[in-house]
Structures are given as structure tokens and as C-alpha cells.
Amino acid sequence: MKNSVSLAERHYTGNPQKNSPALGATMAYMGVDGLLALLHGSQGCSTFIRLQLSRHFKEPIPLNSTALLEETAIFGGWEHLKKGIAKAADKFKPRIIGVMSSGLTETFGDDMNSAWASLLQERPDLAATPVVLAQTPDYIGSLQEGYLRAVLALLETLASEPAPREAKTVALFPGAHFSPADVEELKEILDLFGFEPLSLPDISTSLDGHDELEPAPVVQGGISLSDIRRLPGCKAAFSFGPSMTGVGAALEKRHGVAHHQVDSLTGLEAVDAFILKLAELSEKPIPEKLLRQRSRLLDTMADYHDQLGTKRVVLALEADLLVALTGSLTEVGAIVQGALTASPLGLQAMPPGIPVAVGDLEHLEDIAAGSHLVIGNSNARQVAGPKKIPHLRAGLPVFDRVGIPQKVWVGYRGTQQFLIDVLNTMAK
Amino acid sequence: MKNSVSLAERHYTGNPQKNSPALGATMAYMGVDGLLALLHGSQGCSTFIRLQLSRHFKEPIPLNSTALLEETAIFGGWEHLKKGIAKAADKFKPRIIGVMSSGLTETFGDDMNSAWASLLQERPDLAATPVVLAQTPDYIGSLQEGYLRAVLALLETLASEPAPREAKTVALFPGAHFSPADVEELKEILDLFGFEPLSLPDISTSLDGHDELEPAPVVQGGISLSDIRRLPGCKAAFSFGPSMTGVGAALEKRHGVAHHQVDSLTGLEAVDAFILKLAELSEKPIPEKLLRQRSRLLDTMADYHDQLGTKRVVLALEADLLVALTGSLTEVGAIVQGALTASPLGLQAMPPGIPVAVGDLEHLEDIAAGSHLVIGNSNARQVAGPKKIPHLRAGLPVFDRVGIPQKVWVGYRGTQQFLIDVLNTMAK
Amino acid sequence: MGEKPNASMVEEVLSVYPEKARKLRAKHIVVKEEGSTCAIKANIKCVPGLMTARGCAYAGAKGVVWGPLKDMIHLSHGPVGCGYYSWGGRRNLTKGVVGVESFTPMQFTSDFSESDIVYGGDKKLEKVLREARELFPSVQGFSICSECPVGLIGDDIESVAKKMMKELDVPIVPVRCEGFRGISQSLGHHIANDAVRDHLLGKRERDDAGPYDISLIGDYNIGGDAWASKKILEEMGLRVRNVWTGDGTVEGMMAAHQVKLNLIHCYRSMNYICRHMEETYGIPWLEFNFFGPTKIKESIRKIAAQFDETIQRKGEEVIAKYEPLMRKVIDEYRPRLEGKRVMLYVGGLRPRHTIGAYEDLGMEVIGTGYEFAHKDDYDRTFPQMNNETIIYDDATEHELGEFIHRMRPDLVGSGIKEKYVFEKAGFPFRQMHSWDYSGPYHGYDGFPIFARDMDMAINSPTRTLAKAPWKKEKEVR
Amino acid sequence: MGEKPNASMVEEVLSVYPEKARKLRAKHIVVKEEGSTCAIKANIKCVPGLMTARGCAYAGAKGVVWGPLKDMIHLSHGPVGCGYYSWGGRRNLTKGVVGVESFTPMQFTSDFSESDIVYGGDKKLEKVLREARELFPSVQGFSICSECPVGLIGDDIESVAKKMMKELDVPIVPVRCEGFRGISQSLGHHIANDAVRDHLLGKRERDDAGPYDISLIGDYNIGGDAWASKKILEEMGLRVRNVWTGDGTVEGMMAAHQVKLNLIHCYRSMNYICRHMEETYGIPWLEFNFFGPTKIKESIRKIAAQFDETIQRKGEEVIAKYEPLMRKVIDEYRPRLEGKRVMLYVGGLRPRHTIGAYEDLGMEVIGTGYEFAHKDDYDRTFPQMNNETIIYDDATEHELGEFIHRMRPDLVGSGIKEKYVFEKAGFPFRQMHSWDYSGPYHGYDGFPIFARDMDMAINSPTRTLAKAPWKKEKEVR
């Protein structure tokens, strides 16, 4: 049994909530078509990340490695990175190369920009292959941070040039918490208003779990390079999740695309606000299909408010999903008894008055007592199981339930499904 | 504890699987816009049916009653029926009146046709209100039988006249096992091929659980009378579920509409066959969206065939849903260890070699031993619970899980969801 | 609106009816005035062709009274429908292994086919009873609840019951509760009471009868209500020998003539047997109300007054013991519920019994009515009500809808059939038959749950979200 | 194709490489010929910029060897990633209450932040050990598994371990398994073995050592494998004093120098410690194979031969006891699997050890290879293989994909990273690292499950459905 060392005093992390930024960066890269993802680090990192993401998405994860070795640990990985990029470019002719660094290479301070510049001098023929460089040491932040850095690097590297202004295109920057089905749902909502959505990244066509893929070392599906280059010409941009606000802001700052921050796309009020904004932008009435979906959500809320109200919920999620689900739960009268998250990024958007801790799942154990529901990834079962608290799987990794990439959490439909899931999980 | 009286010898029914035909007829009537449903029987029947269906659909169920009393039991309900129809017509001015009989009125042999004819003579002004009469004593058949009789009566009464042939309209006759979301999914598939689907009944717009209804004594939403009258002009007709084959056949016989029987719309093969037929009829390529859905289903089947294969499942469902789910389970290698159903209607379509019994849930208890999963309505929990067998809710009534009317079981998406549900139910 | 706004509203609502119907219905709806007594017309048959919230005799006999009696098998005799419909709809909780000590969660039917209708069901009934006795050897008896067709085809279930009782050596009770009898479930209650009287009551003698023995009558243990009530009575020092019928047993029913007092909660469904026991065995009976601390306190004192000082002292101790808890509940919820207005439309005892509990929370019941009440129910209701309260009997959908839309209560309490209608219309709603999957609401255990549930219904944040922001904006413009 | 079709196929596959790479890779791929011995090149570093199935030293040391040892806390020392990645991926089952008797399902990390990188982590490490000891008083020891950055910043985990061992009074084992060490997880195994040798082995004496004491080495209890193996050994009359390391304990490791025989299943990961114990303590070691009845029988006899007649007799009894069950499994599945062709690409012992089990089912392994093997692994593999079998070392995605697409096996066995690639390409697939959430596959308990799983993969009806009917039709046309 556990004795008591208070969270504030603790130095170690037990059953971490925090995950690796490089894994988050991999997720972002997996939403870009033709990209070759290259982890600059020991080969173990890439193998481990492939295993972790395959276990969650049930999909092959093409992630290559610069395969650093002991001698590199002495002399640094700069030359290895150059070799790795050149090898990957020569062998697979990818459309884009997306590099993320690791704790190892950041510790010895590899300057990836200068490595790439140096390689370009030696091999000017490689200039046709854009190389995206994201710094993702796993001692800074969690999954969200790595994802954010990769998306920012993609945007800054690939969409630096101005593009002709288009009336119908809208830039979408979904957070790391968006499932493939979430991205698809979001794009469908934009479609209904007559917009052409450009989502960076777009995992709805790469990690959606479809058949008939041939194995490949590069990403198949996702947003294309040419579409990324159209982002500076979009009519508007939306960032989803508080951690993502800098992405849309960067696009606005550089190219004057009007940016709208959407902290949450789960919960009636949150979706209403987004839909209203789209109606304004499109100058169109709200499509019947969405009104019907809203009406159905409202019906579910009315039918079950008494079974949701006063239910005490604890959540262990990274901030973007935490903010989204907290909002939805609060508006049906459930009580968020406590929340646990991996890092402070995005927490500014949490509604006031809800106790949030940055910590590990051992801390979740402390705050879960007496709750009716735990919402967290599969590892949270170590808390929920022994305490016999119903456990709704959310976040990443989820490896003990299936259909996770297919699940929708956003929009009216996703919110309705979330409430249904909450109720059915508690009913067991 | 139970002693042994074999099923074959038993006269009583314990924890019945069979439900009332009048309840099935009510479900069919609930999919017709502006229809006033009138149960010819004691008022308790209608109150009970409203309660049962509200508990499942979480919706108000407008069902009126002829409120037979003791004196009627002596003199018969003929006059009461006339009064009831006249009263309903005068008071609510419904577009259609849909009558179903009960065990009581069929026992004393009320001739509903002659009652209506007699009323028309007294009140020729009522001729403008079509009256549909379905015989649904609860001592003949189960839910499916009542539903079938009501759909046939609707078709025969309201679509008796020929209609101009239309190139794009397709008649759909979904079985009693179709959820509101199933009907919607089916209609969307037809839409993708450029067809205009006319579904009789259509509960996707009446029982789909949306808000903003005002209370009313008639059905709001569902197929309109004018659309029912277009059925004889459809390009083709499809009946869904083996119990429903007579409906499409009747339309074909009377109006020459080519009829296609679809025993199941769950399972890859079943959906493939249907999609292929639609492609032929439309002379169009299969829409990308459906191909993607198929590819996703196939991926789920490939990913989880090892967790589905050799799993032993028992099902307690009426035949239409039983046939559909059995097919889907069989094609992923699961073993249907035994099946229980309410009546023989539709059983001809069961794959050979699967033990099926017509009986009650006490019989399910006998066949469930050693299985990995029970699929049945909420009452089957009395078998699954004590035996600690995971229990996937399907059929009607389901009152201990939520989101039932919103669930899709048909098409590629519905099949994928079904397999995901099977896996997640077993994972608990 | 004039001086009597509700009265004129009622007139307006009824004015849409044709004259004859208007006159008829006007007798069913009364607005309480200072000093008025009950002038309502009740227990009148429904009109064919309309919707009603009423059930039938079978619902009252099998569904309400017999069903919760746990160690008997209650056979739904006839076709499958009625039995299926009445299966598990009322959440009558029981203790004990299902199929051994409790048969309440199960459903048994003779499942008539067409040939049974044609050739009669008596032979089948014999076989069914014999089989069920063999399959479930621990069963303590049977009721045969007959459905409509049985009453038409001339079956003699009384003879079968008599014959089979000898053969199977357990009580077998024929209950002639065909759905066409009477105009609501109410006659079913009466029929069920009579069947208890004729076939169970007084058939067994206890050897441990005592001075504090009582029966708790008319509590069906919905969501655990009877357990909450029993707890209070036992803490008072009384011995609850049986509950009629929630979680009850055959044995308890048979020896019920030996108790010293019958305490009745649901007067409507069980007054018949109380009157019978008073007349035949001289057992006094007392109505009581265990909803909300005020009524509980009153009731404890009223009950204790029937016994000696020991019980009276203990009664006061019970009141004192729960006082702080009740205070806490009221302190928490009253500020959130003060002044909220409630309209009720239910069956049984709730349209009047719950009023005190609402008032404990600072709420006001502005309209109430019964689905199937008799005049004596309304006699009991009037004194409980404030002036200007509307009281309606067997209200139509039109009337109920109009009253609610015009008076705009903060809470509607009715049944599942009404739930989805009024919730969609934006009214906070509680099912007051089955407590909406919650409960208990009786006793000291129930009040905190009652308070929480009412608060949740009324103050749920969901309510404020119903209107879309684009609609809100349009209104502002 | 010529006389040696597979050889020419290999040539073809490699021909796409530039000359230098072609020559290099050609040394890693061999087609077995009559009488040929191992000429494969193995244990060579990966090429930067490509994908590999290999892990790192940390994966081998913490993930494979130390992790399953249940009553120690294995601290992932460094940033969060490595620890998180290696958390629960291998399904090493353990018995006992989590957090009290078993820490294997949990994940402990010192979770370096940037300041730990800058200022060093030794102080933090001390605090972490102290806290963990306090929070989990039942812990029997710690391993400190260092991650890449720790090796760069000059931390002295050995000194910290020494100091804290005195303070906390439990074994604390520094494991220098930074991921950049070595070219695969294999060096991690070696490092882990050395750490066991230096910090645990021989540190404790049993007073109940016996003549039949053995250790079961190189079984990580994936899906319960070790339990299935242990069962056979115990039925033979042997006393399994410890399993290395599946469901193992510190105490067992410390007293392991007293056993009479070391039985090793996974040679690759644990041969080092066996050799050490042989040299230092004179304990003989023996490789065995508990996959499939043929190999189990051989292994039982080989093991029994190391002991007296009692054990030999019991060994035969065990064989006889399970014979009928094995016969039944083979009778059921062999007709469905006869002649099916398998290609494997895994780590550890499986590319050779499982061959017998496949052959018991009438199946043929036509290609096999290791992710991180050494030459001695291949020496052990060649004699097991039929002629024309392709054997590949550290295959690239290109090579593996080509071999599989050209040879079209009926079953592919590899890891989760390959699973979704080959399943999508339509090949029946089993994860042969973690048994795809199934298991055990070892011993008599495992073979029926192995057979069922292979049958399910190969004969699943799902396979025949993959092609859409409209595509089938097109092909016919």
C-alpha cells in the first residue's frame, strides 16, 4: 500500500500522465501526405513510438530513425542527421521530410538547422525536398507540446510564402486530441457551409483505419503539400484546443488570415458558438442537417440531465481534451470533482473553480475517491479498476478498447455520443 | 433453482422473448406523418404500449384507444370502434387513422372493415380521412408480425392506386429491427447513388429523438401520405429482413415495381450485395464515400478477426435482426452457439446449421452456458447477469442503456460499429 | 384575468370543447377556494378515440398490487402482451435470489395461442401451474391474473385454482382482473384486495404475535421506498410483520389478521383490505405520510399515539435523531428551490402526499390531479391544498398541456408517457411514478434524494442552453 | 526461375539496391541448402534514415529483462518518453497485489525536466529512491535503468545506488542501458545480465536448497508462458526456485547460485548469465524448447536425463499424460493447417523455437529471421530449417515486403509494427512477440491455444471477403 508523500513534495512520477513530445510530433506528421517522418535519436525511440501509436490507432506508423550509436554520444549527432536526411531523400524520394529531435540529441545540443544548411551546401540537389525540423526533447512538455511544435514547424516551413486569397477555403488546426473521425466530422461541418476545409494536419485520411494500403516508409493520406501552401490564402483560420492557439495566430500574423480560437468543440454552447461563427463567415443560414443534429443533442441533454446532473467525474487528460470534456460535463450539471493533466500548456482555458493538478496517475488515485466516473486513457484503469469506478476511455493511449480512431467527440453529434458514452459507462 | 422441464414439453412461458403484435404495429404507425394511431381494445393496452415504447425510444408515443369496457365485452366493440374513429377524426383531424386490434377485440371477433364501412355510411364526410386497419391480436405471432401487418395494411390501403413511374424513386420497406438511425443510414446510402428513397415506415424523422416537438395526438415526422401514394411508381423496391418480403412482393404484384429482397443489411457480404444491386440499378459507379466505408470495415475485420474468431455467441432476437447479426458474426469467424427467437416468421433465412429455438429467455439460460457473449434486449440481462456473460443490448426493449435509437447497425458503418460493440462488450 | 385568474383560465381552456363535452369536463376540474370542499367529479370512464394516461384492471391488480409480492409467481394468464407490458416497469425492489426467493423480476405467462382462444385455456392453465411448481420448487404460491380474452371465452380459472391448489399444495389465487373491467386500474386494485381477502388473509396463525406488530400497507417499494419507511417504524420500536406488498411474502399476508395496527400509505390501492380487516378482525388502520420531514414528524406522532409511552418516547427520539440531517438538506436546497411552483399529475397517493415534502423545500404545488382517483381521494386532497390551486381529474392531453403552458410551473411531476412531451417543451420534469430511476423518496432516507432530484431537474444548467444563440440574437434585434 | 528459385528471388530483391548496399545486405540473407551451415552476417548496425524493427539497449534491459521481475521498482531514469513507451507493452503477467507484491504493471520515472539535464540528475535520483521506498514500503529493491541523456550529462548513478542502498536497506542496481549503447536491444540484454551478476546473484543463501532445484531462465511470462512451462517442470518433480524474470522475485535471483541446473528458453537474452553461473558456480545449463508436443517431449527427456531415474520416470509420465490431449489438438487442427506455409520475423528465440510447433500442425516455415540476433542464434537456427528456407537478418521493410509478396506465405508472424502492414496486404498474421493478446503458447497448456490461433488467422472467413464482389466480377470478365 502507498504511504503518503504529498504531490507537491514528490520528485518521482509514478504511472505518468505525461507522454513524449516526439510521439506527439509523430502524430502531427502522420497527417501530412507523402511526408517521411525521421526521428533524430537512438533507434529505440522510433521503434517504441511506432509500437505505441500502432497500439492506439491499429495502423502502421511509418517512422524512420537516424539510429544514433555510442560513438555519436561522444561526437554529437550532427553528421548522423545529415546522413539520415540524405539517405531518406535518396532512397524514398519523399515529398517532405519531417524531423523531430529527441532527448538524446537535444542534450548534446545538435543544431538541426545548421545540419540541414550544411547538407544543402554539399547536396544542392536536395533543395527540392522540403525539410521540416521540430525540436521535441522529451524533457520539455508532453504530447501536446511536441504536436504543437511539429504543426508550427510544418506551417512555418511549408506555408511561408504568400498564396492567392481564396473565398471558400478555411484553415483548420485541430489539436492533438482530435481523432481521425473528429477531423472528418469537422471537415463535414465546413462542407455543409460550402467551405473547402484545409486541415493541418489531417489524420482523417491517413490514420482512419482503412484497408488497401501498401506498406510504405512515407505517410499515405493526409493534407497535401500543395494544400498546405494554400493556407496563407485562406479566408479564415480556426485553431482547436487552447494549446493550438499559436498556430492560427502565426498564420494571421504572417499572412493576415483572420484567426478564430476555438477552445472546445464539445458541448452545446461550444459547438453553437462555432456554428454561429461559420454562419457569419459564410453568410449562409445554418444547414438543416446541423439544426437537426443540434435538436437531437438537446433532446439527449433533456432526457438525461437528471442522470448526469450531480454526477462526480474525475478526468486525467491533456489540457485540450480536458477543457473540451469539462465544458460539456459542466453544462449538463455534472461535477468535475478533480482533473489531472500532463503539463500546463493550454490550462488557461479551464473554467475557473475546477481543481486541476499537473501530475501523474498516482495523484489521480488521490482525487478519484468517491467519484462516479473516471475519464482517462487505458492506463487510468490502474486507478479506476481497483477502486471499482466506471472508466470511460479517452485520450491516448487506449489499447484495451477498440474503435477509438473511429470515435467522434466533436460537434453536436460528437457531444451527443460523448454524453451517451458517459451514461452507458456509468450504467455498467 | 430451476428443475428440468424440457422446452418441447413446456406450456408456460417464463421471461418471454415474444412481444405483442400491437406494439409492433404501433412502431410501424409511428413512421407515418400525421397518422393517428388508435388501438381498438381496453385502454390499458394503449397505456402499456406507450409506456414500453417510451422507455425504449425515450420519446412520447401518441397512441389513442377505443377504451373498451365491461359492457363491450358482452356486446362486442364494433360500435366502440366506430365511435373511436369518428371521435378521433372529428377532434384531431388527422391525415390518416391507423387502427390496430387487440386480443380482446379479436376474441369477440369484431369485424373492423364492416365497422368502418358502416361508419362511412353514417358519416360520408369522413371519407376524406383514410383509415388503415391492421389485425394484431397478441395471441398470433410477436412484434414482427404486428409490424408486418401494419405495414401491409398501410401499403394496401394508402398505395392502392397506380402512380406515375419515376426514374429516381426507390421504395424501402425496413423491418421492425431498423432503428431510427438505421433508416437514416439506409436513406443516405440511397442518396449517394442519386436515388430518392421513400421509406415505409420512416421512423428516422419521427422517433429519432429530436427536440422542439409540441405534444400532439398524431405522429409528427415520418413518411407523408403523398409520398406513400408515390410508392406504386417507384423504379424499384427493397424489403429489409426476411419477415418483410411480402411487403415488397405485394407492391410488385399489384403495381409491377421490381422487388428485391434484402434479408440482411449487416455484414460485409450482405452490404456488398446491396451496394452492387444499387450500382446496377443506378448505372453509376459505387460512390467513393461508400468505398471508403467498406475499406474501413474491412480493416476492422482484419484487425480483429483473431479476437472475434471462435468466440461463442448466443442471441435472443426476433428473426430479422437475428438473421442480420448472425450473418455478420459468422463472416468474422465467431460461432453462433445458439439462437432464440420469438416466432417462426422470417426464420427461413437463417443460415443452416445454427441451432435456433422459438422460445423464452428461460430457454436462453439453457443454451447460454459457456458462451462469450449474449446479444439480446434488456430482459436478457436476467440470463447474462447471473452467469456473468457479457451482454450486448440489441432488439427491443432496451431500457438500461442509452442512445439506442441513435445506433446504426446497417451498412458498412453499422457493421463496423456492431463489431466494435461486440469487442468492447467482451472487453469489459 | 379577473379576481380568480385560475378559474377563468380553466374556463378558457375548456371553451374549445363542444358544449356537452365542456360541461362534462368542467365537473372534473376545480380551483380551490377559501374554505371550499371537494366538488370534483371523478372515476368516470374515458372517451373512446382519445389518449389517456389510465391503465386497466389488470395493470392495477397484477402490475401494482400482486407483482411486488415476491415469493409467489404471478401468472399473466392469456396472450403474451399484457404480461410483457407489465414486466419490470415499476421498479419494485425485492431482496433474495431471483428464481428462488424472489420471482418479482421475472415474467410468467401462459402465452395463449389462437387455439387456446378457440378451445379454452383451462387445461393449459393446469399444465402451466404444474410445470412452474416443478421448475421452481421454492415458490410459495401463485396468482392467476386473467387477461381480457380469458374473460370472454368462458374459462373457469376459479375451479382450476381450487383443483390445482390441492394438487400442488400452495395457495393459488384466481384474480379476475381482465382489462375491460372498470374504467381504470383502480378497479384492479379493488379486485386484487378482494382476492387477498378471499384466498390469503387469515389462513395462517403466528405463534409469536406481539403487542407492537403492525403491517405496512400500500407501499410497493419503488426504488426502495418500503425499506426507508420500515426503517423508521422499526426504530420506533414497532415490528413490521409484512409490507403490502413491496418485498412482501405470502406468509406475511396470510397471518396479517394478527397485527395490532394497519398503517396505510397508498390509500387508493389498499383501503379496501384495511376496511375489511377493521370490520372482521377489529384491526384499526391509520393513514400516514412519510414524504418530507414535516409530514414524517406528524405521522410518527400520530402512529406513536396508537401505542404506549415506550413507543411514543422512541418516536420522539427518532424525530430528534434525524432533525439535523433534515435541517442540512433543507439548508442546502431550500435557497435553490424557494418559491418554485410545481404541477403534478400522477396516480395513487402522490398528488397529495408529496405536497408536504415540496413545502419543506419552500416550493408550492399550484396544480395537482389524479389519473384514476375516486371522490374520497379528492376529499383527502383538498385540505392539503392552497387556495387557487387547480385540481384536475383524468385530465386530457389538451387540458394538461394548456394548464402547464399557461401556468408555466417550474417543475412538472408525472409519468414516463408525459416525460418526453413536457421535457421537449422545456419544462423541468420528474417521473413521479417510478422516481425516474432514482429513489427512495420515502422516509428520512428518501428526503435528501428527493431534494437533490428536484433541484437537479429545476436548476440543471441544461435548461438555459435549450435556445440556440442565433435565436436569442434574433429576439434581441 | 532456375534450380534454386529462392536464391534467385533473393538476388532479384536485392538488385534494386546500389552495388555497395547490395553486397552488404547479401551477407545478411541466406537460402538454406543441403548440408549448409550458417554463413549469415548478423548483429550489424542499422543505417540512419531508414525504418527498423529494432529497439535499443534500454528496451532490452528495462523492457525485456528487468521489467517482469515483479517485486522491484524499475526506475526509468531520465525524461518521460522511454519509460512511457515501455509501459505494459509486453504483457508480462505477474501474480500479486499491484503496488504491494507486484510493481510490474506500474511505471516509475524520475521524469527529467530541462533543469535536470542542465544541472544533473543525481540529487533527484536520491530523492526519488527515498520517496518510492517510503511510498511503497513492501518494495524489495530498485533497478535504475538509465536513459540516453543520463549517459551524456556525466551522472554517477553507480555512486547514488551504492549510497542509497545503505540508506534504504534494499538492493539498488544501476543499469547503464542508455539507448545509444549497442546497435539493438541485444546489448541491453547483456548489460542487464551483467547487472544481475554484479548486484544480485549470490547475495543470499537458502537453507532449504535441494537436489531438484532449478532455475527457469529466459521466460518472461508473456501471456502466462512461464506458468505453463513451470507446470511441466514441477510435474516432472523438479523444483523451480525462480523464473528469470517472468513473475520472478529478487529473493529468487539472489539465491540462484544454489540451483542444480539452469534451464534456458530464450538463449539470446540470457545466455550471458548462464555462462557466468557455469564458470563461477559450476551450474550446468541446458537449452530447451517448450513449443509444440514434439519439442516438449524431446526437451522433457533431455532435461530428465540430467537427473535421476525418479525424474526420468516422472518425465515419461508427464509425456504420457498429455499425449491424448495433444493428439486431439492435432487431429482437430492439422487437417485445416496441413501444408500451410509460414514466414517469421521476430526477436529472441521464436524464429527457431516455434518451428516444431508449426510442424506438429503440418505446417512449414519457409522463411525466418531475427531482428537483433547474433551469429550464435543463426548457428542454432540452421539445423532446424528445411532446404530452400530463406533466412534473413535485420530485414528492411523493402526486403521483408518483397519476400512476403513473392513467396505468398499462408501466415506471417511478426510484431505489432508489422501487423497492420501485412494484414492490410491480405496476409493472415499473428503477433509473435506478445501473442496478439492471447497466450500462453508455451507447454502443454499453450499448444491448444497456439493451434487455435494459427487456425483462426489462416482460416478466418474474413479473408475470403476482402475482395469486393464488383472487383471479383471485373476479374472474371
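Here the chain labels run A, B, C and D in written order, and each chain numbers its own residues starting at 1.
The rule is simple: a residue touches a chain if its C-beta (ideal position, glycine included) is under 8 Å from a C-beta of that chain, and two chains touch if they have at least 3 such contacts.
The model shown is predicted, which means the values in this text are computed figures rather than measured ones.
Looking at B-D alongside B-C, one finds more C-beta pairs in contact between the chains of B-C. With each centre defined as the average position of its C-alpha atoms, the distance from subunit C to subunit D rounds to 66 Å. Centre-to-centre separation of subunit B and subunit D, using mean CA positions: 53 Å.
Centre-to-centre separation between subunit A and subunit B, using Cα means, comes to 41 Å.
Rounded to whole angstrom units, the spacing between the C-alpha centres of subunit B and subunit C is 33.
Touching of two or more other chains is recorded for residues 58, 211-212, 298-299, 302-303 of subunit A. Touching of two or more other chains is recorded for residues 420, 424, 466 of subunit D. Arrangement of the chains shown, judged by which pairs touch: an irregular graph that fits none of the line, ring, star or complete shapes. Of all the residues in subunit D, the ones that touch subunit A in their complex are 45-59, 75, 78-89, 98-100, 105-114, 116-117, 124, 127-128, 131-132, 134-138, 147-149, 151-153, 178-185, 397, 401, 415-422, 424-425, 466. Taken together, the subunit A residues at the contact with subunit C in this complex read 268-269, 272-273, 276, 279, 286, 294, 298-299, 301-303, 305-307, 309-310, 330-333. Every residue of subunit C that touches subunit A in the complex is listed here, in rising order: 420, 423-424, 430, 436-438, 452-453, 456-457, 459-463, 465-466, 468-470.
The residues of subunit A lying in touch with subunit B in their complex are 58, 208-212, 292, 295-296, 298-300, 302-304, 400-403, 406, 416-417, 420, 423-424, 427-428. The part of subunit A that touches subunit D in the complex is made up of residues 1-5, 9-16, 18-23, 38, 41-52, 54-55, 58-70, 72-73, 80-81, 83-88, 91, 102-104, 106-108, 137-140, 142, 211-215, 217, 379, 382, 386.
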